[in-house]
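First, the structure itself, so that you have it in front of you.
The letters A, B and C name the chains in turn, as written, and every chain counts its residues from 1.
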Amino acid sequence: MSDILKRTDKDNVAYLVLNDLPANSLTMSMMQAIQQELKSIDEDKTIRVVVIESASESIFCSGHNLKEVKSMVEQQDVQSQKALFSECSNMMKRIQGLSKPVIAKVKGIATAAGAQLVASCDLAYGSLDSKYATPGVNLGLFCHTPSVAVSRVIGRKPMMEMLLIGAPIDAEKAQKIGLINEAVEQNALDQKISQVCKEICLKSSQVLAMGKKSFYRQSEMPLSDAYDYTSAQMVENLTLNDANEGISAFIDKRNPEWKDN
Amino acid sequence: MSDILKRTDKDNVAYLVLNDLPANSLTMSMMQAIQQELKSIDEDKTIRVVVIESASESIFCSGHNLKEVKSMVEQQDVQSQKALFSECSNMMKRIQGLSKPVIAKVKGIATAAGAQLVASCDLAYGSLDSKYATPGVNLGLFCHTPSVAVSRVIGRKPMMEMLLIGAPIDAEKAQKIGLINEAVEQNALDQKISQVCKEICLKSSQVLAMGKKSFYRQSEMPLSDAYDYTSAQMVENLTLNDANEGISAFIDKRNPEWKDN
Amino acid sequence: MSDILKRTDKDNVAYLVLNDLPANSLTMSMMQAIQQELKSIDEDKTIRVVVIESASESIFCSGHNLKEVKSMVEQQDVQSQKALFSECSNMMKRIQGLSKPVIAKVKGIATAAGAQLVASCDLAYGSLDSKYATPGVNLGLFCHTPSVAVSRVIGRKPMMEMLLIGAPIDAEKAQKIGLINEAVEQNALDQKISQVCKEICLKSSQVLAMGKKSFYRQSEMPLSDAYDYTSAQMVENLTLNDANEGISAFIDKRNPEWKDN
């Protein structure tokens, strides 16, 4: 594992700590490192949930590395530019495609592809002083790709304000418009994340994997197709040992013991 | 009509009272009873609006009956499982497809397919102590189908929190994220529902039917198709006697007298 | 330019003032006048942002002119009806398709196609006493077309309440549900609009045009297509002089000087 990304596993949680300070930008190296860890985590049965956070209190993630981008432009290296944005989109899709819930723990500022990263995680909690922006327009490089993820979690009017003006919004506004689940007191964020992880770790990993996949798939279908698909998923889910165990435990008023297979 | 579902008609409003206490679960029998009443209401010209509520103060609806589900699993009766989820999806689609507005009046807790029922109604009002959850993950049976309805009325981040953690949210949060229209003081909920019903009863039933249908249809179309379709609906709407009467009444500054045909 | 629509250009901002008082209705003439100005603005390199407002403090825009509509109905002139709704849809789509950001500045009430106009603008700011309604159902003419625009910026539950009951919502609610960006004190609205315009005027017009177009296009695509499309837009954006200038200025910690071509 590279130094720019630290991974610590504890109590079935994988903490991925962005550690390319001060900017924590999504260089090609950083995105490859994240993807590599996600691939490893996907197959790691000891891991039940992933937290993405920053080694810095002031910057969560600043998006693409502009020096890297500029160098590709100066060398007229269109293939590398394509590869860069492709890698970024793949990483965001991999987060949604991962078989385990992914939580963004945000301190400091999340900008451009950094805000996209927050939006792409299944859950996101930010400290009260965290900030969020899609400021590409200020640099002449519109946040085209970040808007894909962010506009799928917030409404169109606040999205356009973020895109056209490029100013940061604070954590309370981010919560109100739905970009993060909750804005939490600075000194309570660790505890909030622990609590959410603990709750998720109580579930069957297999059921979480199935549910996460079906949720994102149905979200792109018309209503009737979505019902056909998820009804079939319900029947499929009932074939799992953990459904049998969970329902029995509920009826017997005891805690379930998951087999996770 | 079965005892598990009571229907009372008053002042052009049909009140469907879920009465299979204590859980008010959506057994196959309950869903068939609801569908039968909805079919009857659809053709009943005296009914202008439908309210779905519970005979209990503490449970609105607890979703599928887990004993019924478990029995189907134990008997390896996949056909019955398919029929169960199909009946549920059909019921939810029938609410949207009904020619009259349907209002959820929520006291107590609405969980899993019960939360799906709230989301599927055109309007929903809950008492301040009402609660909402998609807790299937706690039983090893992910809320695949409930997520279809709920995710079409709330944002993705609060949806994922409800799905992955499975904890109930309170009425004020449900209002903030858009799952219900309003959280109302316990002793004011009856009056709120009466007022909403009274206002809807003042409209032309025919126009409401046309509008409700066009709204849900356009909501699944790309923008340009949606405009083509709804523009044609506008022209069609203008051929109705009630449009003529309504516009004339507006211009003449008098109350309209609907013909409803 | 017609008297019913006044245009004033100042500091690279085009102010379109609806001036067909008292109702400021969207007659065929008004919609043609607006479209004509939008066409002219689209090609006018001195204009960087558009504000749509009303000459009245009490009415922003009351939607279609019901006398005009009634006359078409009485004459059984279906072609004119089709043309009217087609012109309206085209105007709304033109606002989204315009190469420059369009801001609704709302004082007073915005009803039916007037609320649609607010929803169709990229940004919207309203005074605290502004109101918003889709009240067609009260006249027997459901707000089919307005629902297209409004339901793409607010959630389904508040949308259905507006459509089925037809009552106005106030500015604070409009902000909460996402119909407007912000509800502003009456005497602070001018300043708010000036500030937003000033901020947008600091951006590259060319980049804004490209970004606005890509945003609306991607918003109608499935996630994976949206990423493919916007990734290509990123690479395309990097070929612009202004991207080069903006990124260089950012790295050099100086203000960018846009070429806008």
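A few remarks follow.
Just so it is clear, contacts are C-beta pairs under 8 Å (C-beta built on N, C-alpha and C of every residue); 3 or more make two chains touch, one makes a residue touch a chain.
Computed from a prediction, not measured in an experiment: that's the story for all the values here.
Under the stated contact rule, the graph of chain-to-chain touches is complete, every pair of chains being in contact. Shared numbers divided by all numbers used gives the overlap of an interface; between chain B and chain C this overlap falls below half, so the copies present different residues. In whole angstrom, the spacing between the mean C-alpha positions of chain B and chain C is 32. Counting only residues that touch two or more partner chains, chain B has 152, 176. Residues of chain B touching chain A in their complex: 66-67, 69-70, 72-73, 78, 81-82, 85-86, 88-89, 92-93, 96, 136-145, 147-148, 151-152, 155-161, 163-167, 176-177, 220. By the touch rule above, chain A contacts chain B in their complex via residues 101, 122-124, 152-154, 176, 178-181, 196, 199-200, 202-204, 207-208, 210-212, 214-215, 218-219, 222-224, 226-228, 230-231, 233-235, 237-238, 240, 242-251, 256, 258.
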